[in-house]
Amino acid sequence: MSDPWNVYGTTLESRLFLGTARYPSPAIMEEAILRSGAEVVTTSLRRQSPEAQGGKSIWNRISSIGCRVLPNTAGCRSAKDAVTLAQMSREIFETNWIKLEVTGDEYNLQPDPYELVTATEQLIHLGFDVFPYTTEDLVVCQRLHELGCDVIMPWGAPIGTGKGLTNPYALETLRDRLPNTTLLVDAGIGLPSHAAKAMELGIDGVLINTAVATADDPVSMALAMSNAVQAGRLAYLAGPMAQSETAQASTPIVGTPFWHSQPREKASES
Amino acid sequence: MRIVVNGDQTEVGSEELIAILQSLEFECDKVVVAVNQQFVAREQWPNYCVRSGDELDILSPIEGG
Amino acid sequence: MSDPWNVYGTTLESRLFLGTARYPSPAIMEEAILRSGAEVVTTSLRRQSPEAQGGKSIWNRISSIGCRVLPNTAGCRSAKDAVTLAQMSREIFETNWIKLEVTGDEYNLQPDPYELVTATEQLIHLGFDVFPYTTEDLVVCQRLHELGCDVIMPWGAPIGTGKGLTNPYALETLRDRLPNTTLLVDAGIGLPSHAAKAMELGIDGVLINTAVATADDPVSMALAMSNAVQAGRLAYLAGPMAQSETAQASTPIVGTPFWHSQPREKASES
Amino acid sequence: MRIVVNGDQTEVGSEELIAILQSLEFECDKVVVAVNQQFVAREQWPNYCVRSGDELDILSPIEGG
Amino acid sequence: MSDPWNVYGTTLESRLFLGTARYPSPAIMEEAILRSGAEVVTTSLRRQSPEAQGGKSIWNRISSIGCRVLPNTAGCRSAKDAVTLAQMSREIFETNWIKLEVTGDEYNLQPDPYELVTATEQLIHLGFDVFPYTTEDLVVCQRLHELGCDVIMPWGAPIGTGKGLTNPYALETLRDRLPNTTLLVDAGIGLPSHAAKAMELGIDGVLINTAVATADDPVSMALAMSNAVQAGRLAYLAGPMAQSETAQASTPIVGTPFWHSQPREKASES
Amino acid sequence: MSDPWNVYGTTLESRLFLGTARYPSPAIMEEAILRSGAEVVTTSLRRQSPEAQGGKSIWNRISSIGCRVLPNTAGCRSAKDAVTLAQMSREIFETNWIKLEVTGDEYNLQPDPYELVTATEQLIHLGFDVFPYTTEDLVVCQRLHELGCDVIMPWGAPIGTGKGLTNPYALETLRDRLPNTTLLVDAGIGLPSHAAKAMELGIDGVLINTAVATADDPVSMALAMSNAVQAGRLAYLAGPMAQSETAQASTPIVGTPFWHSQPREKASES
Amino acid sequence: MRIVVNGDQTEVGSEELIAILQSLEFECDKVVVAVNQQFVAREQWPNYCVRSGDELDILSPIEGG
Amino acid sequence: MRIVVNGDQTEVGSEELIAILQSLEFECDKVVVAVNQQFVAREQWPNYCVRSGDELDILSPIEGG
């Protein structure tokens, strides 16, 4: 089934974005990306000493795959730092896309709604296509939408926890209230059922890293997540059955054998 | 002149950004630069002079989530 | 990925069994089965008047697909009736397989643990390969296992409710305590995320009917369920990450830019 | 002779099972039969005689869940 | 609020039954019972060597409190053993009441639905008032009801886990389908909110032991559970609000100040 | 048990704050307040026509009860309006306390994190004791705390829904990260079990209106909520048992009768 | 002079706030007042003059959640 | 005569139940008895004789959940 979608002017087929960190090896990372069918992968920038060219091999590997790159601003604690890092990313990664992360708390690593909005405003002014990583707070998301974000990335749960969707009701509300915004759940997905559930709620895509990279077998998990995202998307489009409080037989009742009640007189015989 | 490069106190022999990058053996086409937390675009580099005490961030692509 | 499994001596690739009832049309049923990749479909027997040959066309359709047939005893309220119906099924469907249903309550249509065990014992004695539809009660399932069932089919929720897994903890317990029994979740699956979750728990397969047949688009939902079952299975095998209560960054911390603390003296300079 | 066929009182002219099935226009190769809630296998049919008041269930395959 | 209820002909005020095991000391046990307001406590029988009169002091303590005693058959694995132990209990505790436990699995310590029914039938024949400890399986509970049990004790979760109600939907079904049976949730309650929830579902009472006895402060936890049971019962009787998917203000909307829209012309001026 | 606590310099015994809206009658409201033991009730200000002195009787009723009053700014959509309304409230209700509500979305009626912070800052500057109604977002709550709020009121769920705690994990995080801030859950509580659960998490108190006022019997529900709040608080202090995945018997195992294994030789006899 | 009182266009005969409140039959000790969304404290009332077009909010306590 | 008392092999000098209980120093009014997993009611005790190899369970009340 072809179900293309549009992200800041780019047409994609896959609704799974994949992170590139925490894999056992670059080779496994590459194979996981390929198996997942992801067309967009996330990257970052870090201080590098010239001698220790550690990052180079992995970046070479990533860039060789040919996916679209979505650089992040992970680690930034202020709008100012995030804006600077975004500008540096744009130059080296040659993309207007930026996954905007501005951490507000060292413990749950959640986005700061205030700095996030400030940075978003500046980056849009600077011509970026902003993918803001945010909590599921509706008003924050509305603000980001009003500032010009076509894409918003609410979390499912704190990053790296794998807890799934801690507040699915809020995600439903987001979907209802922002029907024309592209929503990607980022962070917290730990299992395929979490990814499928997000998609069933009408979320447009998911971004996953830790759950794939730290599985015992990242390549298989990448495929699993890909299947789950497709499953959830298909189900959303297919119009699922309504949940019911009461049981209903699937096999027809009419003609059930061995019905021992008083036999009916056939109409034709009366 | 002493500056700070990626958090480390560093003695450099030139004030020209490109010369500094080269002397520190960075591959210029594979890094991006901020000075005092402000982005310095590549097209600014040729004329950009660093001052004593400046903080340079010289960054390269890595994996990310 | 090839992941064959064995059900009463038959090797299967697909872990999704599909019901054949409640579809908008035989044509849609057929397409849904094909799309799902299911290799086993369920059927039933009903009283038929010779003139109204209603069932015939749908049965012809089912048999033409070439799937393996798993006849059920839906509608039976006693072991005696279920045993008789199973014998009739064996003759006409030419299979030893029987999905044994003995309903114990008219409201939730749940299996009767007493009649179920009685019927199972008789049917195994008569040479059947019994697929008992049961609640998730561990002791009932152990009893069925001891009687000789290689396959046991605990419910997820009452049939036709689409509520998913109402007691996942009990299913985990079943998996732990019956490690060598083939477990299929039957009834209650409403969404792909439910099916994926069952498989993530280590359940061997799922049987779905209402959620596919009564979706607005049964064919797409069939594919969705197929993807979800694969996703859950892959994840189970891939060794998922452990859930954590605390956040952990995926992007590396080392080398985070703009660290404003007192610059370090380089070791080489001291 | 009156028997019950699939829940309905029915007058039949023979006591032989096969004759009854044919007279009621069932396609013999597409049905299975129970008499008084006991399975009557196909190989028993040739010699099987129905008695007055017997309850016949004549079933065919349908869809199921 | 007085809300007396009837248990096998005995009128009780408290809907909390308390277990007597696992307390740090007999004195704390006694104080916990008193603080809880429980009118019924559970006890057991064990082999005793004459010299080690260990159990004696605790039993003396229990019997001095003056609560009604509900002896259990904990540890029995067969109907036969449970019936013998029940008879012994009746003689020494001088009560027809018996909390019937027949364990079916050594791991989750759940009741065996088959042995349970057999023992229940025999004990009712012997004149006992049976309190069967059972899973939440509706058909099992119906069978117990048909055998003559006025009281049925479904579990909330496996004993000692403190997991609360693992299958609240099944408990709701039990309440609906057995409207005239006294239902007590036994086992699994770990927190007051679990007890309150059971009562909100219309369960008639709860039996708690581990959660009180193994709390850091059993006496306070006893009071907490007592309050929670009352809270849940009161709420059930008070007719709670219906849950809603959409927000609704509590403070009146009419007359909200600072409404800046075009001022209305007063009707009197037109 | 006496467990006094301090709210902006006022010592309270009850941890239940009650709203005064939506009751069937002023008399029932009064009785519900009395039965609940609440020491603080919420009120509001609205435009009043001189002739229709509708509000007067209910306000007279409220003020006659003698509870401490916590006026709200319900209905305000901007910091500016909320600050003005707070000033008006302070004059007429003669209290520095203000429950600060600044609505950010007309659908879920949730607080606006941006206007909320702006209003909080101004009100603290004006000498108010601010009780900000907020989402459960940690960074928003930290900001409120840094501005000088000793009390913060995260929602449980959107107001009037009665859905309980939609994100208990986030409330736990709040409790962990703001150990010295007084946290009250406001909005969303529908049942006593919800209130008990909030308190079990270490929340300091709850504010309830709709669930009490719109119950069939508000007076009984008021008492139910009071009991539940006490239950949850007691449990929090009492140190609850740890949840366990595996069952553990409460009745002692040692001395279980009818042990049929090969009888042991007594040591003394050998 | 026309002003807006609680959202309604209203003709008043005085510009003095207290006189207006009295003419509209508000009980002065039971209301609070804002003019153009700004709080007017009770101690300001004696000298407070309203201007044409001003928006008055005259509020009283009610129940709240 | 050897019997089993509460799981332990025990030598007893009498076959009378009451005598056995007393010789083992049980307080008769505080225990209940089963022999070979069958309840022996107190009123049966006076005439009850134990046989070699019998399994006695002599139980007392304890705490329970």
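In this document, chain identifiers A, B, C, D, E, F, G and H correspond to the written order of the chains, with residue numbering beginning at 1 in each.
One rule holds for everything that comes next: a residue touches a chain if its C-beta (ideal position, glycine included) is under 8 Å from a C-beta of that chain, and two chains touch if they have at least 3 such contacts.
Since this is a predicted model, take the numbers as computed values, not measurements.
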Discussion item. Using the stated contact rule, I'd like to know whether C-D or B-C comes out ahead in C-beta pair count.
Written reply: C-D
Practice prompt. Look at all chain centres (mean of CA atoms) and spot the one farthest from the centre of subunit F.
Written response: D
Worksheet item: Looking at B-C, C-D or A-D, which pair matches F-G on over half of its contact pairs by residue number?
Response: C-D
Fill in: subunit D and subunit H: spacing of chain centres that average the CA atoms, whole Å
65
Fill in: Interchain centroid distance [CA atoms averaged], subunit A/subunit H, Å
70
Discussion item. I'd like to verify one number: the distance from the centre of subunit B to the centre of subunit F, where each centre is the average of its C-alpha atoms, in whole angstrom.
Written reply: 54
Worksheet item: What whole-Å value do you get for the distance between subunit B and subunit E if each is reduced to the mean of its CA atoms?
Response: 70
Worksheet item: Using the touch rule from the top of the page, what residues of subunit F touch 2 or more other chains?
Response: 19, 21-22, 44-48, 72, 74, 81, 84-85, 107-108, 110, 159, 163, 209-210, 249-252, 255, 257-258
Practice prompt. Two or more other chains in contact with one residue: find those residues in subunit D.
Written response: 6-7, 34, 37, 57, 59, 62-65
Worksheet item: For this entry, which pairs of chains touch?
Response: A-B, A-C, A-D, A-F, B-C, C-D, C-E, E-F, E-G, E-H, F-G, F-H
Worksheet item: Taking the complex as given, what residues does subunit E use to touch subunit C?
Response: 104-105, 107-108, 110-114, 117, 135, 137-140, 142-143, 157, 163, 166-167, 169-170, 173, 176-177
Worksheet, complete the sentence: Listed in rising order, the residues of subunit G that touch subunit E in the complex are 4, 6-11, 34, 37, 55, 57, 59, 62-65
Response to the item:
Touching subunit B in the complex, subunit C uses residues 249-252, 255, 257-260, 263-266, 269
Worksheet item: subunit C touches which residues of subunit D in the complex?
Response: 6-7, 24-27, 30-34, 37-39, 41-42, 57-65
Discussion item. Per the contact definition, I'd like the list of subunit A residues that touch subunit B in the complex.
Written reply: 19-23, 29, 42-51, 55-56, 58-59, 62-63, 71-72, 74, 80-81, 84-85, 87-89, 91-93, 159, 209-210
